[in-house]
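First chain written, first letter: the chains are A, B and C, and each begins at residue 1.
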Amino acid sequence: MGAGHAHRLYRHGHSPVHRLPPHTKLAAVFAFVVVVVSTPREAMWAFGLYAVLLGVVAYVARVPSGFLLKRLLIEVPFVAFAVLLPFVAQGERVDVLGLSLSVNGLWGAWNVLAKGTLGVAASVLLAATTELRELLLGLQRLKLPPLLVQIASFMIRYGDVITDEMRRMKIARESRGFEASGIRHWGVLAKSAGALFIRSYERGERVHLAMLSRGYAGTMPVIDEVTATRAQWSSALALPCTALVVCLLGWTL
Amino acid sequence: MHVPDGFIDAPVSAAAGVVAAGAVAVSLKGARRELDERTAPLAGLVAAFIFAVQMLNFPVAAGTSGHLLGGALAAILVGPYTGVLCVSVVLLMQGVLFADGGLTALGVNITDMAVVTTVVAYAVFRGLVKVLPRTRRSVTVASFVAALLSVPAAAIAFTLIYAVGGTTDVAIGKVATAMIGVHILIGIGEAAITALTVGAVIAVRPDLVYGARGLTVPLKLRVNGELVDAPAAQPQPVAARSPRKIWITGLVTSLVLAGFVSFYASASPDGLEKVAQDNGIDKKTEEHASSDSPLADYGVKDISDARLSGGLAGVIGVGVTVVAGSAVFWAVHRRRTEDTGPTAVPQQETV
Amino acid sequence: MDPVTPSLDVAGLAFAYPDGHQALFGVDLRIERGERVALLGPNGAGKTTLVLHLNGILTGGAGTVKVAGLPVGKQHMAEIRRRVGIVFQDPDDQLFMPTVREDVAFGPAAAGMKGPELEARVRKALEQVGMAEFAERPPHHLSFGQRRRVAVATVLAMEPEILVLDEPSSNLDPASRRELADILRSLDVTVLMVTHDLPYALELCPRSVILSEGAITADGATAELLSDDELMRAHRLELPFGFDPRSVSAPTR
């Protein structure tokens, strides 16, 4: 699961979706996923409609389907889990191609796959159309505690710096002929991790000094504000609202 | 272990969200107390470190590898409050930026991987450090045990959450066996790496290991050639009592809230199971679901009602989370705004 | 401001770290307005410790520090930090905000400035270092030399009384080094430059002081200090191969 973290999902663009204020998009995606999760799994057609809705958003945002599908790979570990469900779940069993499968497990697998995939797809679309900086501003606008936003902001700012340091340490190790290949090398890797922690922490202290030197007194000054008009809110919320209609139909039909 | 959307049902996800929000709010306060205005840069950098270290793959055997979860490591190195914050922020960012872990499952993920691992690891660690002789070796041993226990503890927490809100009926015994079994193995790796890493840090900068603070000798100051007792170097008031009180209050509050939400939500039957039962899919399922589940007495009502109420419960549950979470954050935020006066974030009107 | 008030007046400054290591043993240093002074000294001489006293990050030892007549102490900390602009050695420590613009705005915004006034201040500071077109970039997408220039801008935006640079030429390629020198020369501000780069000191600073073992041991015209072989050797200061300060025409101001 580690490898997927290395590259950013953002795709530069100027579509209407890109232009929406970040907090409206965050709220919309969150509401959409909540609606998806609350949908009964028997209403298979509803999930199809959700997928269509996301497809429309992807089209408007000019996010190519290949990009979207590739990013869905992050879900693979859970696909593996879902595949197991029909074998381990209890309840009435059906025979499919000579295998005895649990009906309930099949439903469960479908449920996890459908909802999980839609959730990942919605998040990928959000990340693909919103810059990091904007996401943080959006979270801040949605009243996430400022301290948490600041921590996230420092994490993003220094994530690359520290990952780079880690990569350089790896190159240094490998240049000296070290190749981690088993448990006996854990000590060396842990030493690297320890050194990385010390570097990170000391950098944190230096950053703090630099902040103090420029008048930091415990609160970050607000430099950027994001605001949204009613129209922007309504276009962002069109997605979850449509989904809600589908969901309610799913419950009543 | 990043749980995706749809794995845990809506009401329980919401309840976990409340627990997570409460724990994060408490940690924000605690971390501020420990780190003062250094919280943001230090916790941010430690979060970046955890983020990076999760990418560091440790070869296990024959081509397989594992990676550090980091909860125990964070707790021991920077303390439980900052640890919870760092891991939570990492999870939040992974969810929002990399679609790793569902947005609705964020509460579950934070409760499980940030709160349970960190708190268990820290409690075990402190307990052992108190009991064992005051040496660096004890710190390493304590780190090992703390990390070893923290991972299966998270697995148990996950199993409990799954028992209450899992969307598929797998016998809880099976889930528990599989989860805990696998995670004891993972825990051994986590423990070895954590202990070695803590050992590496303590060899170079023992002052940076939060959990080992009691082990350092009091400092002296040389003023014009004379040795004088040093004043506290940096603001590091580990005020033992009040944060603990806050912790307990926060934990109890969020648990009560969570309990309330899930009780409310589960008072009406979960639509999915209801459908399964009514379709007569299996009697055994029902038995198992109810005998294994702590929420044994699901009321059985009319179908259409049940469907609607199930869905409504989900929506209401999530709504309650959002409201409760914001209330907690709002309270914290308000307090801080009052503390800091004019430089604080002004509230805006435009929506 | 009264022209006879020096920008910086350090008297009898002594300091020991909590671990018992004493770094400063009575530093006396007076810098007049508009002067450019190089602070030279071997590793471990206490240069960084001295710098951290100038804006009150380290306090509690003996002696006094006054910036433009204002004593460094708890009661004027915000004003002191606005007046003393420290540019740290690693621009990654200094540039902690997500974009260049926000980073430059941090200091003035922390001092309560906002709106168009803040924008104007940021633009001016970025123009002074020739980085105006990079305002919206994240710092980690800039070259090292560009980051160093932005770091200078973050401090200039506070319109400091005195600019303190910690190893400004380290890790710069020759072109970036010259560009930075041009920028520093163009500024009308008091400069204290901590450096090991003796030719750079000679190029930019008419006056130098040598800090050795926690005290100022030499103070004079840079060219004269650098030409005093005895003094240089005594303080582990070495000129680059082939560089003769007597053959270079030193700046007059």
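What we mean here is this: contacts are C-beta pairs under 8 Å (C-beta built on N, C-alpha and C of every residue); 3 or more make two chains touch, one makes a residue touch a chain.
Heads up on the chains, UniProt names are A = Energy-coupling factor transporter transmembrane protein EcfT; B = Fused nickel transport protein NikMN; C = ABC transporter ATP-binding protein.
If you're wondering where the values come from, they're calculated on a predicted model, not measured in any experiment.
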**Label of the chain whose CA centroid is most distant from the centroid of chain B** = C
**Message:** Can you tell me which chain pair comes out on top for contact count?
**Reply:** A-B
**Distance from the mean Cα position of chain C to that of chain B, given in whole angstrom** = 44
**Asked** Using the average of all C-alpha atoms in each chain as its centre, how far is it in Å between chain A and chain B?
**Response** 18
**Message:** Quick check on chain A: which residues sit in contact with 2+ other chains?
**Reply:** 132, 153-154, 156-158, 161, 203, 207, 211, 216-217, 221-222
**Message:** Two-or-more-chain contact residues of chain C, please, as numbers and ranges.
**Reply:** 96, 110
**Request:** Hunt down the residues of chain B that sit against at least two other chains at once, touch-wise.
**Result:** 41, 343
**List of chain C residues in touch with chain A within their complex** = 52, 55, 57, 78, 81-82, 84-86, 88, 90, 92-94, 96-99, 101-102, 105-107, 109-111, 114, 118, 138-140, 154-155, 158
**Asked** Which residues of chain B touch chain A in the complex?
**Response** 2, 4-7, 9-10, 13, 24-25, 28, 31-32, 36-49, 51-61, 67-68, 77-78, 85-86, 88-90, 92-100, 102-105, 167-171, 174, 192-193, 195-201, 203-205, 208, 271-272, 275-276, 281-282, 284-285, 288, 304, 307-308, 310-311, 314-315, 318, 326, 329-330, 332-333, 336, 340, 343-346, 348, 350-351
**Prompt:** Touching chain C in the complex: which residues of chain A?
**Reply:** 132-133, 136, 153-154, 156-158, 160-161, 203, 206-207, 209-217, 221-224
**Fill in**
Seen from chain A, its contact residues with chain B in the complex are 1-6, 8-9, 26, 29-30, 33-34, 36-42, 71, 74-75, 78, 85, 88-92, 103-105, 107-109, 111-112, 114-116, 118-120, 122-124, 126-127, 132, 135, 139, 143-148, 150-159, 161-163, 165-166, 180-183, 185-187, 189-198, 200-201, 203-205, 207-208, 211, 216-222, 225, 227-228, 233, 247-248, 251-252
